[in-house]
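Each of the next two complexes has chain A plus one other chain: chain B in the first, chain C in the second.
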Partner chain A sequence: MQDLGIQVLFQGRNFIRLWEGLWVTLRIAVIAMGLSVLLGFLLGMLMTIQNRTVRCITRLYLETVRILPQLVLLFLVYFGAAKHLGLNISGEAAAIIVFTFWGTAEMGDLVRGALIATPKHQYESAGGLGMNRWQTYFYVIIPQTIRRLLPPAVNLLTRMIKTTSLVVLIGVVEVVKVGKQIIDASRYQTPTAALWIYGVIFIMYFIVCYPFSRLSLWLEKKYKN
Partner chain B sequence: MDLEFMEAHLPLYIEAAVLTLRIAAAGILLAFLTGLITSIIKYLKIPVLMQIVNAYIELSRNTPLLIQLFFLYFGLPKLGVVLSSESCAIIGLAFLGGSYMSEAFRSGLDNVAEIQTQSGLSLGFTRSQIFRHITLPQAVSTSVPLFCANIIFLIKETSVFSAVALADLMFVAKDLIGIYYKTDEALFMLVSAYLVILLPISVIASFVERKVRYAGFGDTSTVSG
Partner chain C sequence: MKKKLLGVILTAGLLAGVLAGCGQTEAQQTAAETQKDATEAAEAAETEAVEETAEATADEAQEALASAQARSLEDIKADGKLVIGVFSDKNPFGYVDANGDVQGYDVYFAKRLALDLFGSEDSVEFVYVEAASRVEYLKSAKVDIILANFTVTEERSEQVDFALPYMKVALGVVSPESNLITDVEQLKEKTLIVVKGTTAETYFQENYPEIKLLKFDEYQEAYDALLDGRGDAFSTDNTEVLAWALQNEGFAVGIESIGNLDTIAPAVQKGNTELLNWINEEIEGLAEEQFFHKDFEETLKPVYGDSVAADSLVVEGGVVE
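Coming up: the complex of A and B.
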């Protein structure tokens, strides 16, 4: 019987399986984002140090990561590491490494911007109160940068979620792969499955990313004044 | 590294790079047009069309290009719309880039202070003269850095085209790794190819940005600040 292709979604656990697939990429994005925030703060602080060598190296790192497509970085780690380090890392591990590497650079630059925008007298006053470098950062500067950093950091998270969709190309079984399995399995009963499955995956990504981009906008407006 | 191997397969990379650039050029041009039209619709606040444009922008900004491509390439044929991989790639890039370009235009238009229009009116300009001679030049000047960033972003995004069976740089690299297991050479040439494409563009972009930074006067940030 020729029926509506959308039924394929509700056969068995198909719909749940798709969400489970999406969770695989989301998990990569969330782990990489968490690590990026931590390392990004360190990198941002490092980038404000008045030292030529440190500046050169951090700048080079940032520009390299920015100019190469993320997929190229993924290939480098996934295929390169397997050959040279003799490591047979999973696609998922490679993805976490690459997205942390990329996220750290982006986050570091954001932190650097926020640190520079913090008035100098904040540092000096903290010094005047007898705080050392770490105390100054921890108790005085970083709490002030949070407001400035939150909107772009949430934005980075949405970019991270969108970019992690690439992991299907290095063989991670995620939402697109699950979608393909469903399409292949129902090739004869529902020939139009591809339309519905890819349409639904498209909407699923939107459902996940949209709230974050709204949140980012809202935070930006809220912290403006 | 095997230099002979690299030399022998250089033409493959050049061909792929040319293909990537051609599609990027077509996609970016279309994206630019889409951005121009949608931002004018938003600027003039045309009812109905504006809601459609807003929905389009949110959809395109909150979904990954890869998923958009999958939908175009594998999903749409089920509706009878069969597109070649090349047109899929161009349409996908235009769909994604259109919203980014639109936002760039809009932020440029928003950045032109109200006082500029008022001054124009008091000098006896008509609305369309004001738009052509006063608003637009200043808007373009402030949007150019965003355009440049978008162009680089879109060229980087072209790296996912191999997913819709387009023989681009990633495709060639993956092929060479698969057939000859010359991982180093293939990856080295891949990275070099992207650097050869992207470095000059980013240098030109920063040069252009410096050239067009003339719309400082009447900037909202300096007037209200």
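Coming up: the complex of A and C.
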């Protein structure tokens, strides 16, 4: 039983380090998601405007984000900005910028969908009450779209949490990287550690993502009534 | 016309640079990582391709050539801290121990550099780098020095400046003790296991075409094949096979060093001559106290035990015999 892999977890600060890694993961995902929601609403509203130029630009932005892998964006912001613009951005800041850039596009498209799905008479009725464009959005349209948006937004958040495992490539040590470090540091003494550590990381992701998934389900049900 | 040409050269150069970042000669690749590194490198290459084709238009070619300004030795002295890129999952060269502290052969040297420059081992900030992005870290001036088991190759030398080497690696051949291969001639008509994309594969294909090669994608598969007896021997970097043989009874490294000798050296941004010279002076100066032998005793010996002579890995004063 000497080399039972799980014991690696309890050596030194290993278990705490994994949680610290998970905290980095969550911090990036949640901050980026918060910003994405705010900017996404603005973008979504922009996307519904009947103006050719605006539509063209927002469309281009959305397609760019869809086509470029997140990894490319991370490299561009972290290394590219330093090389070409002389901007030395920390890894975590670069990660938040990229995830916000990505999240805003996705969120914007969701908001656009929700706005379009809102029946036209809602806009017209608000207009009939003498509300201007902003008032219509803030008091009538957005409260309705929020409920509709919550499930897909939560879905986007859990996707973001999982995609943060890419940020290790720009030097940010998150939970998966900590796991690898632990596995590697003990690979001569405990070669079986890998399965255990990855198993624990799996459970940790689950602990974090599952409540969000439940929340999404619950909101979906609530919306139906 | 001249500018256009520059753009083309630039794109090709950067692509090559990123590809060079994933040389397979690294010691101590674990099975999963090898696969991952290859993927990363491919992705990184793609990244640069996208980035650079977009940017390397004739007008911007000049600007894209520039890397971020690296810190000079004076800047570093004024700042009071060296920033050094190391591996965090390449035991025993650079890894993080159970307490979260970074350790290893490369790290031991990094701390010594800080000690000699500032009088304190702690005056160093470690940045954990990945194999595929080591060149980028230097080009974007995110680190002053890369000390991450960086094998000197021609392609990489075009991208970064290498200091004097402090380690050397060659290929090793591990085989069952009952049927130990001690000479490459013994391998003729036999099956040698190699991992795809490694220097071992290229070396044996070019120099000993009569040896039958059994190729695998991952290290773990290759070791399993050797354990099952599907091949007579397995060859890859000697540091890797030596460590493995120690953990697996009944196997020994019959050939400790074969093939081209590769050296491992610190690297700085291209043109950062002042810093480069200082590192070279350090390496030369440290030879007197046999620093790297001490480093070996502290960091590598616990892993390799007595199976590896220090002299087969360590390079003192930058002189490779």
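By our rule, the second predicted complex is superposed on the first by the 212 of 225 C-alpha atoms of A that agree within 3 Å, B and C clash if a C-alpha of one lies under 4 Å from a C-alpha of the other, contacts with A are read in each partner's own complex, and residues count from 1 in each chain.
Following the convention adopted for this analysis, a contact is a pair of C-beta atoms (placed from the backbone, for glycine too) under 8 Å apart; a residue touches a chain by one contact, two chains touch by 3 or more.
None of these values were measured; they are calculated from a predicted model.
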item: Chain B versus chain C as contact partner of A:Q181, first or second or both or neither; value: second
item: Touched partner set for A:T158, first chain B, second chain C, both or neither; value: first
item: Partner chain in contact with A:F206 - chain B first, chain C second, else both or neither; value: first
item: Chain B versus chain C as contact partner of A:P191, first or second or both or neither; value: both
item: Which superposed partner A:P69 touches (first chain B, second chain C, both, neither); value: both
item: Which of chain B and chain C A:I28 touches, first, second, both or neither; value: neither
item: First, second, both or neither for A:K83, with chain B first and chain C second; value: both
item: First, second, both or neither for A:V168, with chain B first and chain C second; value: both
item: Interface residues of chain A shared between complexes with chain B and chain C; value: 68-69, 71-72, 75-76, 79-80, 82-83, 168-169, 183, 191, 194
item: Partner chain A, residues of chain B touching it in the complex; value: 58-59, 61-64, 66-68, 70-71, 74-79, 152, 156-160, 162-163, 170, 173-174, 177, 183-184, 187, 190-191, 194-195, 198-199, 202
item: Residues of chain C defined as touching chain A within the complex; value: 30, 32-33, 40, 43-44, 46-48, 50-51, 55, 63-64, 66-69, 88-91, 95-100, 127-130, 132-133, 136-137, 139-142, 243, 246-247, 303
item: Footprint of chain C on chain A - complex, ascending; value: 11-14, 17, 68-69, 71-72, 75-76, 78-80, 82-84, 86, 88, 168-171, 173, 177, 180-188, 191, 194
item: Residues of chain A that touch chain B when the two form their complex; value: 5, 67-72, 75-76, 79-80, 82-83, 158, 162-163, 165-166, 168-169, 176, 183, 191-199, 201-202, 205-206, 209-210, 213
